[in-house]
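Here chain A shows up in two complexes: once beside chain B, once beside chain C.
And then the complex of A and B:
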């Protein structure tokens, strides 16, 4: 006996249950009941039974065979918005918390390098007992860890400092994504090299044409950071650092060095270009705040969101909440521009330093309004209003914008960036 | 100021830190230290620093631009093993618990239909108050739920009843995968139609050329089943039921009807082909056991596994454990053919009716041996030995094989199916 014998049905054979016509008639004459359901605000009456109007009925022709590596359905065209230096995740069209690897945001400083995994090496040197290099085969043999984590560019929503610049949630919040990351703890690899007592900072360098480098305070990351070789089950995608990426849970994406080839331990920050000319926050008094690593408590409604259209009646408000400090403990939704707040449902599992999906059932009465979300993390950090954030930080920053985001809904149900 | 101004470096510009040569020399003369590390059994000494031997150094040429929808790195060729009717997930090469959608196993009864999501309808009829159809737009508007769940074909490992047939874990355990599924609870949709009091069974029918149908006991699934439109964040893949799939957590994959177009409520099972000619278990006394829905407690070591090769020294044993009854509470590993067992580490989050990744650090001394895993779920169900399973079930079944799996390691480190 073999389960996998061919067992294709003759396409001309009638359906297993010969009731299609009866059921179709029942359904066609069921208009009164459907009106009842429609009155509940949930249903749009559908006039075509399954397959009606298809040029080829899918039940009448054998389908295609299994394949080695699947692709999306024809007609599914959700995509990142790419520019020369970055691309944005289409959160308005995504569900759950996992971002498909193909849609994970990108931010490159000199493009995506093409790296041969077999030849790639990680060098560890500086204030260590034994300078070492590791091949990918070496790293995969170490004890491994898997964590589902968000990565957010510190420039995510950055244009919102100046005003309601982004039209869609992809434009305002597309520089963040969540994946299941697998790799070896940084601490394990550093222990092999032996950390000298005076090593306080670590330089991390990528193998791209920007030789992207950041200085990182060792004590604050060494117990949490991972050198990752896998994303959502398979090898990292090229644009996410293939074959190896430093992932520091909760820290700004820029510190999660892609294509990582070198770690150097030292006594002071190395003052690279990416922490002098960029990745600092200009404060109201004109000073520049450096080394703001942890991404703050933040949330956004992904649906309904800018560019979408809603109808009166039931609307499930869906969004994402996250914090670089730890777990989200509460997400709230306002449907009256912040006058009143309702606790949203958090989808389990709620994981630290990871996107948390929240949902809130709402009945829209057709009036113009503004919808917002805010969240609180396990450290008690609450997402601020825009007014509070601007009062503290001014409007000259580009990075680390994390204020409450507003979507305006007009009387036609059109949703736009409603920054207030 | 704009974060995303072009900021490409001149490729002829020297590296930020001009120490490459020094460090390379330090590393090249660090052989003694590396021998020390190698003696710890963890390192294969690497003779090439990063980029050495590359025809084009990735740091010396600008990389490619961001893209709308990413693809794998060149050279990453892990794939499903496809036949005419199914394809197998390559668990030996995967990490964490999420199976990339492109590598989710397939099992079709007449191929993968091509369905237009806009025209697809779900019909609910039979013993309901109001026969209804739903478009995909209708379904997406309902309150939604996301769960990370395994789906396992009841034929997974089925050939192992007869003996050690599969060479690799892809062949022995490739008919299972885990995704993050999002959809609307079945109970929500059935409540719209109104379940009549005498409705006890539900017929679920797919829109493929097999018009795949199963009878399902309503009370046992109505609070847990989902009508799913999203997998790992994006729309279902065609081979996973695009645009709509019934997902019943923990039940045999065959009941998770793909391309679902019809639900009919009735008073008795509908006795379709897929529960008479197939998907029954032939018992030792010659009788056939029907309607075994829940997939039992099971685990397998995915690495090292059949076809792989290990070296003496540290080896991290990695595997998956799962149960259709609920959460895994313990996974154990034996490295002496089942004489002694060690508790493995479970990777958080441990979710009900979902793959759980386990790991166990082992030092292989180079002797021939057999490695095994077994698991226990929250209901107290323990994965049986092959001998115990065969004693209870005989060897005439094809479905629901869930015995402890053995991998034999020979003195050269080669791993083969070691069924004992």
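And then the complex of A and C:
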């Protein structure tokens, strides 16, 4: 099994030859500065760092100098899978629970805006005592909070409603990621403006070309919503809302408005396009569920997963479990298509509203089978079977698919998406 | 689920959100950060339109004006009559939501006409959002509502008339308290 292999190669992936040449040149510059210009002439071809593919003896040549901003090792090429509107996190190739910022999924509705942090402002108005504007400097001065949380687009696995569509876990579950988020509690900033007693809903608006807008119930927001300016210890990535985004623990990703610039308090939902014609779940009777904020209990095996190949013998089944309601208390794995279930090991720390890594040691005997995972959260919510979910919600919801996911393994060890 | 039960669910949901537990902790301190927002600050960014029509600007538009504008600025993505795509169909689909092939359009799905004004100004055309004048937005709203059989061909859309439009799927939405699905 090649856990580190990238299963898909994007045809648009840039040629690495030029990067190799740059690295070599950078090394030479560093070498010259270390040993002095006169010594540079003494460098023989054998001492030069080899081109990719040639044998390198790292104990025989000086390594490169420290750099101001790190990049991953040459040869590590795992990447997001981009489309016109989103990009998908390669969970089949990741470990632990933190998604590297550069691999955090993207979903934006009219591109990633270019925003100058010094000029960015947050406006709070509507049913407040004092309409206020905040600079980024103001917001960073407030008492801060850091939490490790998943963000999952409610369209994650959405194509699976109608059948096993995605080939890899990147395609079926790539619209979710986990980061360590730092910011100021929304309640702290709202208190600065003073919430009027009749304010019940808050409109949050982004400063992107979609001016993305959602109405959110204040009662829930003041509990734990954050206005975040940092992700995994550094400023937000542009595609994650730089310089400021809302993060609402456990809620569908679309509510975590990026590039946020305006909060307006009101008495009722504003009924924006995104909470009426989009992000609503059509039921079989023709009605639609609206304001489905919490992402329900869900898990998936990330390896072995679709597109990967296993060999008989020991296989560590690895996956992620999460719930927008709270902490995961149990993850279970089935290696016989759901006939029997085994408790998987949960990697500590298990955090609420955060991805939890689970592992289960398995010996594959070479027979065709189906592997699955399911999880239970601290509120007793159990991830449903596909049949139960479809019975309750039909197949036209598009959003909020959270059924048990099945991977088929054939006699050759090839893993494919296959619903049961 | 019947429409009356749907309405009841919405009222119930709003009622729950209205429960007083939202009030901030009394001891939430203030830090003296931020600057007072001026009327100009607010006016420059306050583009939202409420379901009761609050926020709708002065201006007016007709179905005929909308037809011309739609052909020029919208048809390339949404099709000549609003049904062809390649992007979202905007017209038709009424009566299809409970079928095997539901078609979600403005006419079949959108619960509020005011959302049309809000969204078209805010985000359309895709290549030049927030570039349309109020008259242009009212015209496009008029054409789209007429194409969906919701207003007459001679109707004029403005702040007063748009707020009175009742959409066919107005009662089609149920606030989801996660109380009836699997798990919750």
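Keep in mind that, in the parts below, the second predicted complex is superposed on the first by the 366 of 420 C-alpha atoms of A that agree within 3 Å, B and C clash if a C-alpha of one lies under 4 Å from a C-alpha of the other, contacts with A are read in each partner's own complex, and residues count from 1 in each chain.
Just so it is clear, a contact is a pair of C-beta atoms (placed from the backbone, for glycine too) under 8 Å apart; a residue touches a chain by one contact, two chains touch by 3 or more.
Every value quoted in this text rests on a predicted model; they were computed, and no experiment measured them.
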**Message:** Quick check for you: in the superposed arrangement, does A:413 touch first (chain B), second (chain C), both or neither?
**Reply:** neither
**Request:** In the overlay, answer first, second, both or neither for which of chain B and chain C A:286 touches.
**Result:** second
**Request:** Based on the superposed arrangement, let me know which partner A:192 touches: chain B (first), chain C (second), both, or neither?
**Result:** both
**Prompt:** With the two structures laid over each other on chain A, which partner does A:123 touch: chain B (first), chain C (second), both, or neither?
**Reply:** both
**Message:** For A:213 in the superposed arrangement: first (chain B), second (chain C), both or neither?
**Reply:** both
**Item:** Which superposed partner A:232 touches (first chain B, second chain C, both, neither)
**Value:** first
**Asked** Between chain B (first) and chain C (second), which does A:62 come into contact with in this model arrangement: first, second, both, or neither?
**Response** first
**Prompt:** Taking the superposition as given, does A:337 touch the first partner, chain B, the second, chain C, both, or neither?
**Reply:** neither
**Item:** Contact breadth on chain A, by residue count: chain C or chain B
**Value:** B
**Message:** Contact-wise, after the overlay, does A:262 reach chain B, chain C, both or neither (first, second, both, neither)?
**Reply:** both
**Asked** Which residues would you name on chain A as touching chain B in one complex and chain C in the other?
**Response** 109-110, 123, 125, 130-134, 138, 141-142, 192, 203, 205, 209-211, 213, 261-262, 264, 270, 272-273
**Message:** Give the list of chain A residues in touch with chain C in this complex.
**Reply:** 109-110, 123-125, 130-134, 138-139, 141-142, 187-188, 190-193, 195, 197, 200-201, 203, 205, 209-211, 213, 217-219, 222, 261-262, 264, 266, 268, 270-273, 276-277, 280-292, 294, 296-297, 325, 379, 381-384, 388-389, 392-393, 396, 402
**Request:** Would you pull the chain C residues touching chain A in the complex into a rising list?
**Result:** 1, 3, 6, 10, 13-14, 17-19, 21-25, 28-31, 33-37, 41-42, 45-48, 50-51, 97-98, 102, 104, 106, 109-112, 114-115, 118-119, 122-123, 126, 129-130, 172-176, 178, 180-184
